[in-house]
């Protein structure tokens, strides 16, 4: 009887939650958002192949001509097929934010985890450095970058990534500190496991739901900011198709009474951003719930 | 912290001159070919033959005295150019901030305190409007209120107080709309969260009437996170204003910054960036002060996590 | 006389102005068990953390299994060797396991760290360890969230034992458990000692638990040792004022709590 | 220590059933809890985690989360508590004060101690601020805090946990309630502080002729400070006994097993008489059998066929079918 397992202790069959199950837990709105994002990603990858027409070539005589048989959404201000331009513009509109998110999540995670692990002066140094960086609003830094390096998607994306990093690092540092203080981490330290392997195999995987939620929410922000920069003429350069550029190009149509061209690009941005916001928010709620 | 941040940001803004490809003269002239005496003027103005740190120090001293240099494109003092445009931007940001604080917090409180139809509709509407970029909002507003209904102008700054308000209404709404939605959502969530706190339960167990409970324990405590989010969003307007100014053809600092960046008018870019960063930092400091007043656990200077 | 398995001399720890631990000396013989008793702020947990290397002592020396561990380990090999000398089981069953790791993988990770064994050998050792602490094969495959507090604490004990340490520190390891579960774990710890000859250092505020599990006791108060001796003697006939007060504070049949002079010993008084 | 007539009870809980919504389904947390407290009497409520002891106190003070379904009766001073609303409910809450385990979470962190202490007096009793503060300072002194005037101006984060717990006790007594619901008030504090807090509670309770429901997981503590002790298991009361008899003459095998499982401070036991398995929550326990049957060493087939009623035995109550025959044979000595 000494060390035998007590008879009535039962083990509920709780499996580790797969990403699919996590997605299902975000509810109908979450799943719908994920589907919308998947479609947008598909268009970004294959958009140019799907386009019925060239996104670059057009005839000025078709300027702001409404939908006709072969042209589902009609033409833009320069007489180019609107649908083709929207499909072609998906790529830059999504790849830019993706770059921003990847860079700032990577940098933010490394800074947050290392600061939480070392604590003390290193943490104080990183934290106050981030506070200073916090003084640059993303768009302002992007404009500055455009002035220095010339307008373009690369400079704008890098500038936004730098501006977002302190925000990401701050949120993740809190999570990393919480995880760091878990007793299993101390137990592994006592076992003699290296800091690097504890961070890589335990800390970061446990922060992953939060990291993914953060990345999703940030994607929406990055998309809006990058489109704004392109709208200002400092991001993607015409005649390349981009949803932000398209709004700027076709703003004159709005005043002239033909808003479809500008609106269509605007609606594309709003739909994708709404999808990222909702999914991100739901994932965040799930990540918080899992902590309890 | 305020001083440190400003020193570092001014340093970054100044040294951007050297980060750029090409020599400082090329950057300052924006690639224009200048006569020899103009180059001399620039060299003297920026002390380009002195060590880097000296250059920065002299530049900073000039800035402190309101001397931001000369616009290479307009051949005018940058400070004069800034002064003539700062009013529009300030009015726009203030107007939008007011909308955010009054309507955003108001909606959030209403939704947080009452479950049911109002709550659900605020949630749904703000989920979408939080995702509407200011320039998309701008074209929709122009379409609806200037082109279709012709209630508001689509362009220009307007004259006098009433004219300014009239001309700035659409831009302010466009600027405020997504921040307003975010503030409303966070306000709602904060109110709900405070309702669930243990100390609120203590107050219930002591027979404190509902209205007093809400006022003294729920709203008073929710004011802390609401202040944080309001501060962040209002500060961010300072930069986004550039987009709205462009969309509505307003003659503000942001729009000028963008055209300066496009024409590589470097002194102007530096000057305006510095002004905007300073404004941004000052707003953040004000929020920190307010935060320390609202939360006795926070002493001034230790930023709330 | 043989050298003690754990030997701590003149241990001191300062956190800024605060002296958390002051001149603490500890001896544990092979197979022996020692309790460090105290309340919050006594420094008992800080002593435990210094012994296992989670805090660096300000002064004093720590020797375990004949080798010094007063300063942080320099190499990976050194760190792991120390891991095979002294292990620790913490208080909170809910954060002491990685929520993403099954019991099996948690134990396997420790075995891989310490032994150069192949997968089948590690696997059979995992089952052996499970059996030692009373977990069946199904529980071994489970994630922590499927386990009760008592079961999780068994896993934490098994993980510590996987390194085959000579000394096990029990930092309030049964304090968070329900009474009926606490009894099971205390019996388990007694059985493990009988089977392996391991030494225990029990950090606890619960005098009844101390009585049940240990032979020797040290009483700490505000960072200092105020009394030491055989557990039965310290509990039955305390000499120090603080120990007496601690003993008198334990509820028992016929107990009458009394109010003391409030500024007296042990009373926390903050600014 | 006999069970008085029902009319003498200040608080009477009868067959209290509570279901709470958990992830969309209703889950039972209390299963026919019956309990009575006379004026000035201290009753201990003991149980392991998930036994429903805190939930009982919450149900009494009408603090259950929204969506809770409540059955059975709660009577305070003869009035039906479950029917109260609005001003009546608030008046009732003024007569029943609650002390929580974690004072730091249960006191508003952004308001001063003085505000916290006097809020109910000012609001519900219309006591002027100055007078309310004077009373608060007096009570702080009786819980051993001398410089009350200064403490009133401090914020909760400036006080230690032990001091905050005393502030909470003083505050509970300010409105001169007739019943105190103390939910594990000493679980988070040190043993010596616990003795101090218990002494204060005991003194003040007698001074104010206050009835108390003292909730704890510590059987010895409850037995030491309460007149009677009720033991809960899986959402039901399984035994109510005069505290002086609880240890040597328990009426339910669970009580006996609980006492036997605790190590003894004055003697090393060779082996602890542990209870197999883990404590069950109300919704996990069998509903048509004795809830303790799966872990009970005295179990018979009959125990698995019906849920034992709460029967009276030797001036106590027990929910064990075999209580009479097992009496004297389930104490710690024979376990």
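Each chain gets a letter, A, B, C and D, in the order it is written, and its residues are counted from 1.
To be clear about the criterion, a contact is a pair of C-beta atoms (placed from the backbone, for glycine too) under 8 Å apart; a residue touches a chain by one contact, two chains touch by 3 or more.
This is a predicted model, so every value here is computed, not measured.
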Subject >> Closest chain to global C-alpha mean, per-chain Cα centroids >> reply: A
Original post:
Across the interfaces B-D and A-B, which one involves more C-beta pairs in contact?
Top reply: A-B
Subject >> Length of the line joining the C-alpha centres of chain B and chain D, rounded to whole Å >> reply: 54
Subject >> Between chain A and chain B, centroid-to-centroid distance (C-alpha), Å >> reply: 22
Subject >> Centre distance in Å when chain A and chain D are each reduced to the mean of their C-alpha atoms >> reply: 51
**OP:** Averaged over CA atoms, how far is the centre of chain C from the centre of chain D? Could you give it in whole Å?
**Re:** 32
Original post:
Which residues does chain B have that touch at least 2 chains other than itself?
Top reply: none
Original post:
Multi-chain contacts in chain C: which residues touch at least two other chains?
Top reply: 148, 184, 187
Original post:
chain A: which residues touch two or more other chains?
Top reply: 6, 9
Original post:
In their shared complex, at which residues does chain D touch chain B?
Top reply: 61, 63, 89-94, 97-98, 100, 102, 105-111, 119-120, 123-124, 155, 157, 175
Subject >> Interfacial residue positions of chain D with respect to chain C in the complex >> reply: 48-49, 144, 146, 158-160, 162-163, 190-196, 198-200, 202-203, 217-221, 223-225, 244, 247, 257-258, 261-269, 271-279, 295
**OP:** Can you check the complex and tell me which residues of chain B touch chain A?
**Re:** 1, 4-6, 8-9, 12-13, 16, 19-21, 27, 127-128, 130-136, 139-140, 142-143, 146-147, 154, 178, 235-236, 238-240, 242-243, 246-247, 257-258, 260-262, 264, 266, 269, 273, 276-277, 280-281, 284, 303, 305
**OP:** Provide the residue numbers of chain C that touch chain A in the complex, in ascending order.
**Re:** 52-54, 73, 76, 79-84, 86-88, 90-92, 95-101, 109-110, 113-114, 131-136, 138-139, 142-143, 145-148, 151, 156, 159-160, 163, 184, 187-188, 191
Subject >> Parts of chain A lying in touch with chain C, wherever the complex brings them together >> reply: 2-6, 9, 11-16, 181-184, 186-194, 201-202, 205-206
